[in-house]
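So that you can tell them apart, the chains are marked A, B, C, D and E in the order they are listed, and the count of residues begins at 1 in each.
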Amino acid sequence: GGTATAGSPSASRAAVAPLAPTVPAGTTITVGDPSVKVALELSGLIKELDFNVEFANISGGPQTTEAFRANALDVGSVADIPPIHATWTGLDVRIIASAFRQDAVNHPLYELGIAPGAGISSLQELRGKKIAYSPGQAQGALVLRILEKAGLGQKDVKLVELPSTGDVYATALASKQVDAAPLGGVQIKRYLSKYQADGGSTLRHGLRDDPSHLYSPAKVLDDPAKAAALAAYVEVWGKAKRWVEDHPAEWLEGYYVKDQGLSREDGRYLIDAAGKADVPLSWAEAIERHQQTIDLLAREQKKPELVAADLYDTRYEAIAGTSFAAAGKAGA
Amino acid sequence: MSAATAVRRTAVAPHQDPAPAHPKDVRPTGRRLGPGRRRRLAWLLGPSALLLLWTVASATGLLDPRILSEPWTVVATAGELIADGRLQENLAISAQRAGLGLFFGIVVGAVLALLSGLSRAGEALIDGPVQIKRAIPGLALIPLLILWFGIDETMKVLTITLGVFVPIYLQTHAALRGIDLRYVELAQTVGLSRAGFIRRVVLPGALPGFFLGLRFAVTGAWVSLVVVEQINSTSGIGYMMELARTYGQTNIIVLGLAVYGILGLLSDGIVRFIERKALSWQRTLAG
Amino acid sequence: MAAHFGGLTAVGSSPGTTPRTLREAPTVSAVSVRGLIRGFGPKGVLNGVDLDIAPGEFVALLGPSGCGKSTLLRALAGLDHDVKGSGVISVPDRVSVVFQDSRLLPWDSVLGNVTLGLRDHDADAKARKALAEVGLAGREKAWPHELSGGEQQRVALARSLVREPQLLLADEPFGALDALTRIKMHGLLRDLVAAHRPAVLLVTHDVDEAIALADRIVVLDSGRVATVRKVAPEIGTAVDAAGHEALRRNLLTALGVDVAASSH
Amino acid sequence: MSAATAVRRTAVAPHQDPAPAHPKDVRPTGRRLGPGRRRRLAWLLGPSALLLLWTVASATGLLDPRILSEPWTVVATAGELIADGRLQENLAISAQRAGLGLFFGIVVGAVLALLSGLSRAGEALIDGPVQIKRAIPGLALIPLLILWFGIDETMKVLTITLGVFVPIYLQTHAALRGIDLRYVELAQTVGLSRAGFIRRVVLPGALPGFFLGLRFAVTGAWVSLVVVEQINSTSGIGYMMELARTYGQTNIIVLGLAVYGILGLLSDGIVRFIERKALSWQRTLAG
Amino acid sequence: MAAHFGGLTAVGSSPGTTPRTLREAPTVSAVSVRGLIRGFGPKGVLNGVDLDIAPGEFVALLGPSGCGKSTLLRALAGLDHDVKGSGVISVPDRVSVVFQDSRLLPWDSVLGNVTLGLRDHDADAKARKALAEVGLAGREKAWPHELSGGEQQRVALARSLVREPQLLLADEPFGALDALTRIKMHGLLRDLVAAHRPAVLLVTHDVDEAIALADRIVVLDSGRVATVRKVAPEIGTAVDAAGHEALRRNLLTALGVDVAASSH
């Protein structure tokens, strides 16, 4: 396997024409960023997008890369694994905006669900246990990182390949088919409320799993009109992040309850779990952490090495951070 | 009244008309080998038993409500979702997609079946690719479909169409090929035109098979919503279920399953009803 | 109609006890039909047929096309569960039917069709013998569709010959046979009757055939038994017998044929 | 030789035996309404055309190789995977799973079809739940299956069984109910026992439908591997494809699709071959 | 066998030009059969049949069961593409067939079965009239399975009556009819022949029927035409005509029946 050539990030990326200050008339971009779309609508920021933006309800790695290939999407919203895999499969992509969580270690997206009676209370105790593993997904990469942190190799545990869709992991834990499995978001709360009584628990992994990115195909970014439109979008995106930060009640009601059909309680749990957002002005730290993830995955999954910095389009580095910070000052 | 006492009589055990006002009706009652007379509403028995089982298993704790919500929870959830309009809206949108896909699938499947069933050239060209198509997992085709047809409604309806046409094709083709040669000979001797042959012999003769294909197709159309409504959609029952799955809302998932079950039973029932009417000329074991 | 439901058939008729309606009967007969009424939809087909057949008796049934002969046979065979009507029928235990269509299972060989339902050890040998008797030796392995119309009818006949029914119901079993084959088949049927003495009800359109074979001839008309004629033994076996032509004309007249004017 | 000059003759246009050594063979040649004689190897035409299309589209760059690899790449990949044994091993394991699931599915489907087809009580109890089962998306059942049957081979074979039994049941049931009442009457009058009735009338009569169900079932068994081999498995063709998908190894995915296509064509062809042999008594349009 | 392939039928026979084999023919006949050989597997059924039927001529075909009568008819109707054999057949353009089984489409009404393939504007009216003539007025909407055997046969007859064929091939079309109905149907067939003068080839097992209807009677035996008898007009119409009984005995003898000994 492994025949996919690592995307040869054009060294000339920096030499690409600087972003145009205005979006040419008639430019259209298709955006796969469903939650931000709701934030834009709730906040009225959507009016600031004075060019044609079409929203598609597409997010996550597999779906966005499929849509990129089909030229059906210009920008997608994902965590830090999909850009890596996209590059490995020969799809040249660039990150154009990144958001994180403040105090990320204490506000993780995922926790390690522990099956009732598995007797795991520290990462080291994972040795010899069955762990649900979905290669190619963020959860899969997380498992590898957790093992690395615990000083364990793939051989020291039993990785059980399972798709992480729906509540398969919770079910697998509850029926003790696996001893540990990464659970994300509201599934953590559900698992505990359902199975804590039986002895189920969760374990914090103490790693940062918070990156969330906007990324686009390089082909799109080479188009000056679209590149300018994306810059405008990223700017509003930063403001939207700030708006969500500042309007938790509206966000809870408008997004979680009304749009996603969650109960208020669940929505509040998710908002609390997310903590405060961090949209940095510089990507340096993020790129460094991204590189570590790449190194780990390349080693464990036998993939070619990549340079993390090549995954980022630095022309956009400060845009989101600036607007995020500015909107905060203006709103305060 | 006369009877042969010399002859063993067990098999003639007669039965009497229970209403004495009626004239006597005593018939030879040999064992009946068919399933007997159709009884109205009997079809409710199985689903009701299932429902009862579910209820009892939930009530006694045999069934873990954390995996499969209790019926009453599901009913309550349904009440909520209906009250705020989500269930109906999603259903309406899904029904539209399924209906469109079904329509095109039926047309495509039937036309291909005719082409391939009535000419060896058509068969050579069409049949193999259809068999290949149905051997390839639908999920694996989605990237190609997105590539060629984008991520909008077209692609969704097309995906359903692609799923639906297969059973229609296969069944119609097989039924058509199964038409008794005697009727083909008849058509030849009365000088039916090709169109007349199709209209008067092939279509009615293949109708039983077509209906069976339709039964696969209607449930198939509903089921494929689960897949297509994961792609760029913000509505529909498949989307509703997918959302519930990512948030682990067991009650909504199970409600979705119940809705699927009911939709399946209903659509299948409707097809079978039409089938019975349309095939009233048949004298079969079905009675 | 409620009376046909499976659950109700047990009323008054647990196995082993003779049913009440039969105990009343004083005379011995294999078949007894009283006030038989059958109809499809509004129009009645049988409007009160009464008929008795003694064990060993051979009755021929004549009647115009569509008068209800097959309907009567199906009622006797217990095959009309779903047909409206009333009346009292009693028939023996083992009834064998030759259908108007030869009704061979298309997926079974000729031999398989003949042995169908036979439980004897030597079913195959018996069936081969019967097939040879109807002139189809060597065709045991053929599919039904490979047979000519008359051959199919003879297989159906062979199927009824290998059985030992107490009542044989035969619906035009010789319709598709030529004169010579027909005469041979008459002989076979006579042998069967002589050997096992079943009651026989034979539907035919051939008045001569009826006279040649039957002890008694019944003509059905307007849903009732219109004419009954005994056939004296000497009439049945010889064409030149005194009463033969008279009986023939009599029956043809009963069937509505203007004997004087017709060329047969 | 005589001919009626007074009579129009177009339809009698005779054709002559091309080999003059043979006796003359001039027949009335009315239009033939059926598909005509079966031709050997004609079935290869469609798949070959497909292959050609794919090759041409790839060679001319019409088809993006990142979406659908070129045929030669796929052949090369197949060569590699066969050389290092991966393809055969995965196929063997998958075939075992599919075979087991198929076997149980056929047994369960056929038995349920008989129970439900031959008694109204059986139908009332069985038919509804089967319709519900097939209306419910298979993916949604996986958590329940994991809960009840774990994540080992049992669960995999069971999932395949659950998918396979549905078409077998539906087809056998429908075919059985479609048996001509005349044969049921015949069975009654020759005094067939219930078992004899099933063996001599029901099973052979329902065989054409059963075979059609089997055609759905064999490809269904292969296809369901894609789903079941995602669960706790590190082998099998479905797993191989899933892995390739997560790593975006288009060439392996497309190879997988090709393998599926070939497997589908082959298994379908085998079933149809057996079907033709078993149903040689039929005289139908298929010829 | 290669000669049956669709692609080869055009050889020497583009529409409009008279095919070579026909131009050679000197005499006028509707049907011409020369050296017809047909067989299933190793055994031959027809071993060189020669037969001519003039336009308007009525030929009756007799022969023992399984001798190949239906095989001959199917060859004339062009329905035996897949049967091995050779020979030269020429038949007119419009051929109508009454099959040995009545062969009604089970999914079509009685009326629909009669109008099948009719292209006239008044097809329905014609069909209703034909149905009335065969005694089935009012049954137009019935399904075939709701008819008695004889009624089905009469529908098949009606289907052939509404057409105006140049050749009528009828395979035992009266087999399931009672004497009276049969006489009526004979009349209808005679009327059709008088009106449109088709060539007719009628298979029957009833020697009297053959004499009553045909201009010429052909007996098939061992795959060949064994006997040919002209029927003088006065013999056909009256039973008492001098030659009638002689012809009858003659034909029965040809069919292998020992006339002296048999009771018909």
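We adopt the following convention: a contact is a pair of C-beta atoms (placed from the backbone, for glycine too) under 8 Å apart; a residue touches a chain by one contact, two chains touch by 3 or more.
From a predicted model like this one, the values you see are computed outputs, not experimental measurements.
Visitor: For chain A and chain E, what is the smallest step count along a path of chains that touch one another?
Guide: The distance in steps between these two chains is 2.
Visitor: Compare the CA centroid of chain C with every other chain's and tell me the farthest one.
Guide: Centre of mass proxy via C-alpha means gives A as farthest from chain C.
Visitor: Return the chain pair with more inter-chain C-beta contacts, choosing between D-E and A-B.
Guide: By the number of C-beta pairs in contact, the winner is D-E.
Visitor: Which integer distance in Å separates the CA centroid of chain C from that of chain D?
Guide: Here chain C and chain D have centroids separated by 46 Å.
Visitor: Averaging only over C-alpha atoms, locate the centres of chain A and chain D and give their separation in whole Å.
Guide: 43
Visitor: So the centre of each chain is just the mean of its C-alpha atoms; given that, what is the distance between chain A and chain C in Å?
Guide: Using C-alpha averages as centres, the distance is 84 Å.
Visitor: Could you list which residues of chain C touch at least two other chains?
Guide: As it turns out, chain C has residues touching two or more other chains at 77-78, 94-95, 101.
Visitor: Mind pulling the residue numbers of chain A that touch at least two other chains?
Guide: Where chain A meets two or more other chains at a single residue, that happens at 69, 165-167, 171, 174.
Visitor: What positions in chain D touch 2 or more of the other chains?
Guide: Those would be 30, 32, 36-37, 64, 67, 139, 143, 147, 182, 187-188, 192, 201, 245, 282-283, 287.
Visitor: Using the contact rule from the top, write out all pairs of chains that touch.
Guide: Touching chain pairs, listed by label, are A-B, A-D, B-C, B-D, B-E, C-D, C-E, D-E.
Visitor: Along chain A, where are the residues that touch chain B in the complex?
Guide: 32, 34, 56-58, 63, 66-67, 69-70, 72-73, 165-167, 170-171, 174, 185-187, 190-191, 194-195, 260-262, 266
Visitor: Inside the complex, what are the residues of chain B that reach chain E?
Guide: Interface residues on chain B, with respect to chain E: 182-183, 185-192, 196, 200-201, 204-205, 207, 279-283.
Visitor: List the residues on chain D that touch chain B in their complex, please.
Guide: Per the stated touch rule, the residues are 30-39, 42-47, 49-50, 64, 67-68, 117-120, 122-129, 131-132, 134-140, 143-144, 147, 167, 170-171, 174, 176-182, 184, 187-188, 192, 194, 197, 201, 208, 212, 215-216, 219, 222-223, 226, 241, 245, 253, 256-257, 260-261, 263-265, 267-268, 282-287.
Visitor: Which residues of chain C touch chain B once you look at their complex with the stated criterion?
Guide: Result: residues 2-6, 8-13, 15-16, 18-19, 21-30, 32, 34-35, 37, 52, 55, 75-78, 80-82, 85-95, 166 of chain C touch chain B.
Visitor: Across the complex, what residues on chain A touch chain D?
Guide: 1-4, 62, 65, 69, 85-86, 88-91, 134-137, 160-163, 165-168, 171-172, 174-175, 177, 301, 303
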